[in-house]
């Protein structure tokens, strides 16, 4: 394998406390190394450029059944954004839900090298993996939806968390997954009969437990299994005015699980869970309350779910939420897709408009949270692609964060009522490149427990992004447009030690790996006849045909972890 | 004026969105000849497939097409100004997203003519195909303005998701006329097949001939002596006026001529 | 020596039953357990019948002549590369892995790509694109549905185990099987049938020259208002499925749309100005709507009777609209009865690579989509394409005559395991393995659940998997194009040299 | 009173026998026996003076085909005839797609008349006749 030497770049590597130091990065055999032979190595002159680890996305719906139904649903979306075949790359389409190849190309062009696909019904895991194989140039992993799985609900209700943990360990392996995803706990099961839960203490119909039991139980299970990431939680009451209270209650519920060392929960796309006001007419931001809580507590991490004002497609396993969104009116299509014993799902095309008060306030909430939560290590930047906006809009979000001028320019175009309600004019903070590197790679990798990602220390994966930004000579806050452009198009992207993007063009194709956890429980999971019988009762697929086999993962990266049960 | 005639009979479809006054404007004849088109997968230039001549004495129409263009798609797509006359049949997507100007078709047009049109005029002096003035698959934003006139008959699903503008049909109309329309006017001089106005929430459909079968989702509103088609035309009644689609809580109107629709008389008892 | 394979997946219809047991002796399936009659026909008999193609053929002077695999691949690649606009059609009885390469081939050729869904549930996909769909996996319906509606489909014939595995005759967590009640009903009916037959014999001899337009629909039975699982069938004709239903509504042909319209009005509490729709009295429809609204969980399955009759995708659109309306009152889902075992997979695989599920065109270098423009029958009807490749499908038996007549004007390549109608018409005929018998791979159930098909016997010697055939054609196409490019470049250089 | 012709709506679709037969092979006797047929209501069979299994000619604006008449096994089929989908039914279908790719397979008017002297063509005969191959 070729050796690469990146010379004289301004390196920003927060995990190793390196802030804009002019230094060289050496790469050999796909890893960052101490040094390489300069004569034999391919030398990249990075003088005047910013060098960071490849971007890590903690939450982006890029593959799987839900995403693909979204694709099928929207020919009107694709026709706006077509991508031609080249000698090297495949053709495809965007816009809000790009086809698989295009997804890989666009992430890579932004200098991103790792993406988490955060929502997958276990029963459809093979589908998700088949699609991930077709997303080149990035490493990826999936989170399995487990918060409303009957087996989990029953074992938690029984109070037997160890048994629950063993089932979940099996499921994580069987679905080749990386983390536990919980969506509107209890709500999805209720949605099976068209109902929902509305507070942490509502009883889930037909199961004697509450959302609170599920959340705390799962967080404990997560700890028992020594999972690298925390539980990945989409809160109850998401998308409903006044829900910031539920969000704070949820975080408070998890305080008891916290042992003081590492976070125990990750609230995803928290923007959608930070609404204040009693109804849509009095809709306002709950960002301050959420930020205050997070500033005072250390047991949680979050990602934003920033709105970028796009004609996009919302999709979530939160079926009841999508239906209530649909009922607000003005939408032409609604998809609901329940999955037996596991989950539900919904899709609605949605156009976030600046002139719409609620949409504009949502945009403001996302930025308020990012700016008011003091510790960037608690925050990951996402748009909850494609829910808040497509992932390739990230550079717009960066600009709103590092440049007050940029957000003022956008705020000026927003709905007047939203402008009056926005807290943004009171917020002076502007992200530094260092902080930006935290919320886009270093912090995300840390929150995910990815040891070899998000940094450029010796032994890290040689995933590197080089942007045309000179931190010495550029006032990024003032010149936000060229910097935004630079983030849209990396000069170089290096994946596993190979240059895949050069001068903003794809020059090589690599498949990218799929990371998954082999969770080893102390007592190996026994598939007894009882479990098989249960399987036949619960699912319409035979036990033998359920697990994802090796066939479905082109380039696997198995990560073995030892559980404490 | 540029005159374009096919060099040969075409078998596989040709995509020629470049046949468009906006694109031709400011180009020499030689430059126009070199504009890119495709025939199937083959990349060609206009003069590979067509003979082009220029008559500098004539300003309008800007482009005249003569011959069989039924396999040529996307003529005049997105055009903003100018005039195209087509003497012959023409292929799909003619005048799609038209934003101004005029397209005259002295022949039959195919599907999606005037699809998602915003402004301008399309005159079809023959029959018009399915999905005339209807948007692309999955799009619920249809024709917004302008005028389409058809001398002959139209196919099915014409004027779907209509949001404005007028469609006048001198012949008969196929099924699902004005499906999901929210505004605008469709006038049919002759007969209309079943399922007109399904899912409509606004606008009006005027049928001067017989209505094959009225959807049960329409309810009778009144009988009106006449109705305005547009600024230049009134239709003489009396008309039964139906409101619908009530399943969508719509307030669209179907005007059906009383004299040609005696079987609709059963609705009179609800008046 | 007999070997027993368990949890075998049936590669026939969209049900993808995966609880089969196959007994294999000497590389032959000799027995199937749990499968339906169709499964048995294919997996015990059909796959090894005399109809099997055992080597590649090329038509020479009007006769099919056996050739080597290499020759057939070369010929196929040459035909496809020479064509200005080839059509690649079929894919639905192939595994996803094959479909995956198919998209790449179509893209490389700049051709049109369509799958069988354009003549089965393509209209359903299009309806979803207009309005969305509230749906659920089959297990969700099994566990919860207390009202099951089969509309214009006859699962008893087309998906024989659907009722028994997924709907009325299976036990779910919250709903029990209706099977016992059905058996009782059947017993009662047996005597009723005798009475009916007697009545028929004594009927008057005179018959009107024009038969009545539709049979008289019976009033809904009392049982519709009761708790527990119920099954209603809407169809233009009485089917075996209708016989086992609690209530059968015989509708006039081509009036489904009007009936859905009326039902929607009733669901939305609107009054109707008429008293009969599609031959069904509105008062009966009201009772049906009551049963729907009072259900805890309703499920509608629909079939080709809706997608192929007048209105086509609009029929599905309004059916979905009704289901959506019902969700404002209770929980209701709707699902198409997808036919071929992997037609859902074809939509899925095409969509993730291109954004579109079928009716694709690559002539512009990027994917374009439009049913009506790029669907196989429209291309053939207009005579748009100038070569055809058919894989794992039999348009010969399932397309209108005139479409096939147009197809015959240009070269035809077929890839199928047996001598079905289209193979008999091919100019280059490839044999291939039976997916799910001789070839493993992924298929997507009608509710988009991926299931892995198993390989249980070895294919006859020399017969390749269709994935490999398509891949080899793709490689050959690339070779031919590269050579052609080189020639072009050399040609241009020669011209340049001459000029100099 | 025996009539010459019946004007009815054609419905096509799947039957379990067609499903089984297609898996046994398109050239099989079972396929021929179960697909080259037209199901009529018993009253219509009488009206045409037919017996179960006799040949009938079904004619639509798009073509004409000879198949065997069979009595419809479930209930009445008034105003309709039913043919299993397959080559024979398709010989009289239209390729009109309503611009959505779906040909007109069913729901149009056909005429059915006895054809005692005309043979039912086998798969190969039909392919030869219609496509010359």
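Going by the order they are written in, the chains are A, B, C and D; count residues from 1 in each one.
Keep this in mind: contacts are C-beta pairs under 8 Å (C-beta built on N, C-alpha and C of every residue); 3 or more make two chains touch, one makes a residue touch a chain.
Since the structure is predicted, the reported quantities are computational estimates derived from the model, not experimental observations.
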B-C or A-B - the one linked by more C-beta pairs in contact: B-C
Distance between the centres, which are taken as Cα means, of chain D and chain A, whole angstrom: 57
Between chain B and chain A, distance of the C-alpha-averaged centres to the nearest whole Å: 45
Inter-centroid spacing, chain C versus chain B (mean Cα positions, whole Å): 34
Approximate Å spacing (C-alpha centroids) for the pair chain C, chain D: 21
Residue numbers of chain A (touch at least two other chains): 73-77, 79, 332-333
Residues of chain B touching at least two other chains: 111, 130-131, 136-138, 140, 157
Residues within chain C bordering two or more other chains: 126, 129-130, 310, 362, 364, 369, 371-373
Overall pattern in which the protein chains touch one another (line/ring/star/complete/other): other
Chain C residues touching chain D - in the complex, by the definition given at the top: 12, 37-38, 40-42, 45-46, 49-51, 62, 114, 118-119, 122-123, 126, 154, 156-158, 160, 206-207, 209-215, 236-240, 242-243, 250, 253-254, 304-305, 307-310, 312-313, 358-359, 371-373, 375-378, 380-381, 394, 396-405, 408, 418-421, 424-425
Complex contacts: residues of chain C adjacent to chain B: 83-85, 109-111, 126, 129-130, 257-258, 261-262, 264-265, 268, 270-274, 277, 310-311, 314, 318, 321, 325, 362-364, 369-373, 382-386
Sites on chain B touched by chain C in the complex: 11-13, 15, 38-42, 71, 92, 111, 130-131, 136-138, 140, 157, 175-176, 179, 194-195, 198-199, 213, 215-220, 245-247, 249, 266-267, 270
Residues of chain D that touch chain C when the two form their complex: 1, 3, 7-9, 11-16, 18-28, 41, 43-44, 46-47, 62-63, 72, 74-80, 82, 85-87, 90-107, 123-124, 127, 130-133
Contact footprint of chain A on chain B as seen in their complex: 135-140
